[in-house]
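What follows is chain A paired twice: with chain B in the first complex and chain C in the second.
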Partner chain A sequence: MSQKHEKLIDKKGLRLDGRKFDELRQIKIEVGILSNADGSAYIEQGKNKILAAVYGPREVHPKHLSLPDRMLLKCRYHMAPFSVQERKSPAPSRREIELSKVIREAVEPAIFLEYYPRTALDVFVEVLQADGSTRCASIVAASLALADAGIPMRDLIVACSAGKAEDTIVMDLMDTEDKQGSADVPVALMPNMNAITLLQMDGILSLEEFEQAVNLALEGCKKIYAMQKEALRAKYVDAKEVEE
Partner chain B sequence: MPTFFERRQLATPGDLLAEGDYIAGEDTYKEDNKIYAARTGLVDYEEKRVNIVALKAFYIPKIGDRVIGTVVEIGFSGWTIDISAPYPAILRAGDVLTRSFKPQRNDLTEVLDVGDVVIAKIVSYDRTHDPQLTVAEPELGKVTRGQLVRVTPTKIPRVIGRKGSMITMIKQETGCHIELGHNGIILITGKNIEDEELALTVIRKIEQESHTSGLTDRISQMIKKEKEKRKEETEDESKT
Partner chain C sequence: MSSIVVKVKQKQIAQLIAKGKRLDGRGLKDYREIKIEQGIIERAEGSARVLLGATEVLAGIKIETGEPFPDTPNEGVLTVNAELLPLASPTFEPGPPDENSIELARVVDRGVRESKAIDTEKLCIEPGKKVFVVFIDVYVLNHDGNLVDASTLAAVAALLNTKMSNYEYEDGEVKIKSGYMPLPVKKHPVAVTFAKINDSLVVDPWLEEEQVMDARLTITFDDDGNICAIQKGGSGFFQPSQVLEAAQIAKDKADEIRKQLKW
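Our next item is the complex of A and B:
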């Protein structure tokens, strides 16, 4: 695919896109952009472009899947055929099926599923352009779409990754760092509960490095959380300004 | 016992609203003696009770609620009605037809067909059973005329206003009859389409600006302005 980069981090300690080790990519978040969905959100994180839509709670189809004591949460993570360099088959791949499960399980603890038994809640995550750490960006967008749909939640969910490029632990991996770096640690967090809902590690890290990576990812989460709240508010401030 | 938000301030899910001896009200929850928001909305303190007035929510049936729904399916002994809730509602034939009916003889489509709109009341509902409706009360039943608007159910109280100030004002100014469903569906019936359209735009505006104060006055001004504009337009037309 892309040519092999000599160094992921230059002599000045800057990364391929000029970031420092503890710097996030440029993030833009919008909430409520799909009129036909009950809730929706769009996130741009560096070159990542991800759309999340929530439908429900609604009737469960097929009916036998409905749960007598809680809401059924369904999640679909899908990458558009044009989201990566080489055309990707639109059929869900093994990786996408796994990520659907990962995202579902990361947002599940935040939702009061037991409030609405015998119903289903659908979360659709569509990756329009992918550039590393899409699962984290997807979780950020999905949780905003849920909040936008008016689903009762314990907390918002934020996610951020950290990893190892060359010999440094860096925050918010991009695609090349993910592929050529030696480790990737995605973390999802409920910031007010201070509870981690997703923690994965791919690659090799020493115990100290792992701890460092988790802390760096958590730091990133807190920064993104502020942006998340800002995006949720932005939907309603317009009308408020009219008043003044 | 501190509170962390001011009244009418916007909170997002997970925000810590109050700590200590408080009661978790609407769209909030309590954990370890702390009260958090469960939905995006405006904070409201009511003595010891902490509420969130959600800016977006969906309708959950409650016994006694008056709802407006659409017939989606006809069964052997009743209709399935979409009341824009997560659960479909059931309206039984015996409730609508006063005389006893036999599925072999009576054709239910003659009474209510798919797509018909009804105003009904919820008679039973719990976690394990779908809501059941009745139309056996005055002012309930099939809707024959008017326009429907959908708003977020939590905003229905805002459309009604304090002691009904908003809704009586809209009714008076537009000359329309307005039925509010607790499920967020509003039926507007007026003498002509122009009146209905006016009421419709007014309700849409209320929904958009429900979280601002002094809304009733602004809305009444808006109606007056709109009316004048329309009057001028008709006068211009009659001149030419």
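Our next item is the complex of A and C:
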């Protein structure tokens, strides 16, 4: 939000990477790529490269944290020191602690926690390279890792951001748009219940612009949802072929 | 252990809300009584105590000199910290800030920062070298729900109360002179928090309601009716229509509460 270095949108209405306002970046998703984890997923979205792994249900440590009526869900969002331009200290920053909390609260409504009382479920997200909207991409990967681990869920959780670049509301912010744009609205959705499980905003938006941004983010969610299901199917269809 | 009590309470609270009533007698869109007292800590450059019903928050402002961030060499620095003091609630424990106090600080920070409440360019002493650093420390003294709104209000009230010493800048040294000037405060962000209980929205949840709510939504508005920060919290969800409804309500509520700030 400092001085503008370059125009975020050119005369033709195209963004720095040539996208239209309602276009997602290239997304590549893989499911089940870590052999030790109970479930895992990898996502590339633009230059974002993010790994998510799920361990559990397993024993709770320390024991006194265990819940008598449901599973304890834990989440850690962490960025690699080399994931950003200036080296980031590997110690968890305040931002990472907040994001760990909001990502946990974004996936929690989808999970049938009450099926596994007195156990713990760990969700680990590692951002290997960051390129804007990492919390959304992290949620997309985390929910696939949960599904891959066979955790009973109401739906997949999908997330997408929208924001304001110059005077236009745009979908799926990249790093420069996040830093130089004037607002960022990440949204996570459980599509089959039309339920928003994560909503944040920073920047300045009028009520009308905010409504536009939420709708654009939800549109993006629906597109990514199809890719998520495709990625999940790809893993298990392939597995079947190998067995045969 | 407490989950049975919570379930019983939730039923009672939800039944009342369905009739448009609340346990403490308020309407669904009513705030508790707000009291603001400014300048109660003389050693601080600015301070304010906010009572929101029985929720009590003290915000103190300290100002020091420091280096600007490399990407904003002409701007002063804003830092927000929040402490959930163990004396404020049986559930708060001493120790380093947990995720709740970090979230609280970051939501207050987002409101103040994104609304550009402080004219940070006026806090520059020498570009790229020396600027003023404004520390907002939020001290929660009694927790009876809705800490975000009380803390944002306390932070802004404290900023409005802040006096900086006059100074002279010579050979890279800041010399304090006699007299004071006010901190350049341009905007007055106000946070409005909702709790979702059994698919209904209530404004300014108190502790009993927070214990049974499915989810929470904070929307912060600036003086011009623009949204400057949003945070959803809690393990439930909102329908898209509820979010837009909340934003409409919050806009009016923010204007109403802003009238209680004096500047």
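In this section, the second predicted complex is superposed on the first by the 234 of 244 C-alpha atoms of A that agree within 3 Å, B and C clash if a C-alpha of one lies under 4 Å from a C-alpha of the other, contacts with A are read in each partner's own complex, and residues count from 1 in each chain.
Heads up, the rule we're going with is that a residue touches a chain if its C-beta (ideal position, glycine included) is under 8 Å from a C-beta of that chain, and two chains touch if they have at least 3 such contacts.
Nothing here was measured: the structure is a model prediction, and the numbers come from that model.
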{"item": "Which superposed partner A:119 touches (first chain B, second chain C, both, neither)", "value": "first"}
{"item": "Partner chain in contact with A:229 - chain B first, chain C second, else both or neither", "value": "first"}
{"item": "First (chain B), second (chain C), both or neither touched by A:190", "value": "both"}
{"item": "First, second, both or neither for A:68, with chain B first and chain C second", "value": "both"}
{"item": "Which superposed partner A:218 touches (first chain B, second chain C, both, neither)", "value": "second"}
{"item": "Which superposed partner A:108 touches (first chain B, second chain C, both, neither)", "value": "second"}
{"item": "Overlapping contact positions on chain A, where the chain C interface meets the chain B interface", "value": "68, 190, 193"}
{"item": "For the chain A and chain C complex, residues of the former touching the latter", "value": "2, 68-69, 94-95, 97-98, 100-102, 105, 108-109, 185, 190, 193-207, 210-211, 214-215, 218"}
{"item": "Residues of chain B touching chain A in the complex", "value": "10, 12-16, 27, 29, 36, 38-40, 54-58, 60, 86-88, 127-128, 152, 208-209, 211-214"}
{"item": "Touching residues on chain C, where the partner in the complex is chain A", "value": "1, 3, 71-72, 97, 99, 102-103, 105-106, 110, 113-115, 217, 222, 225-240, 243-244, 247-248, 251"}
{"item": "Residue numbers on chain A that touch chain B, as the complex places them", "value": "38-39, 56-59, 68, 110, 112, 116-119, 147-156, 190-193, 228-229, 232-233, 236-237, 239-240, 242-243"}
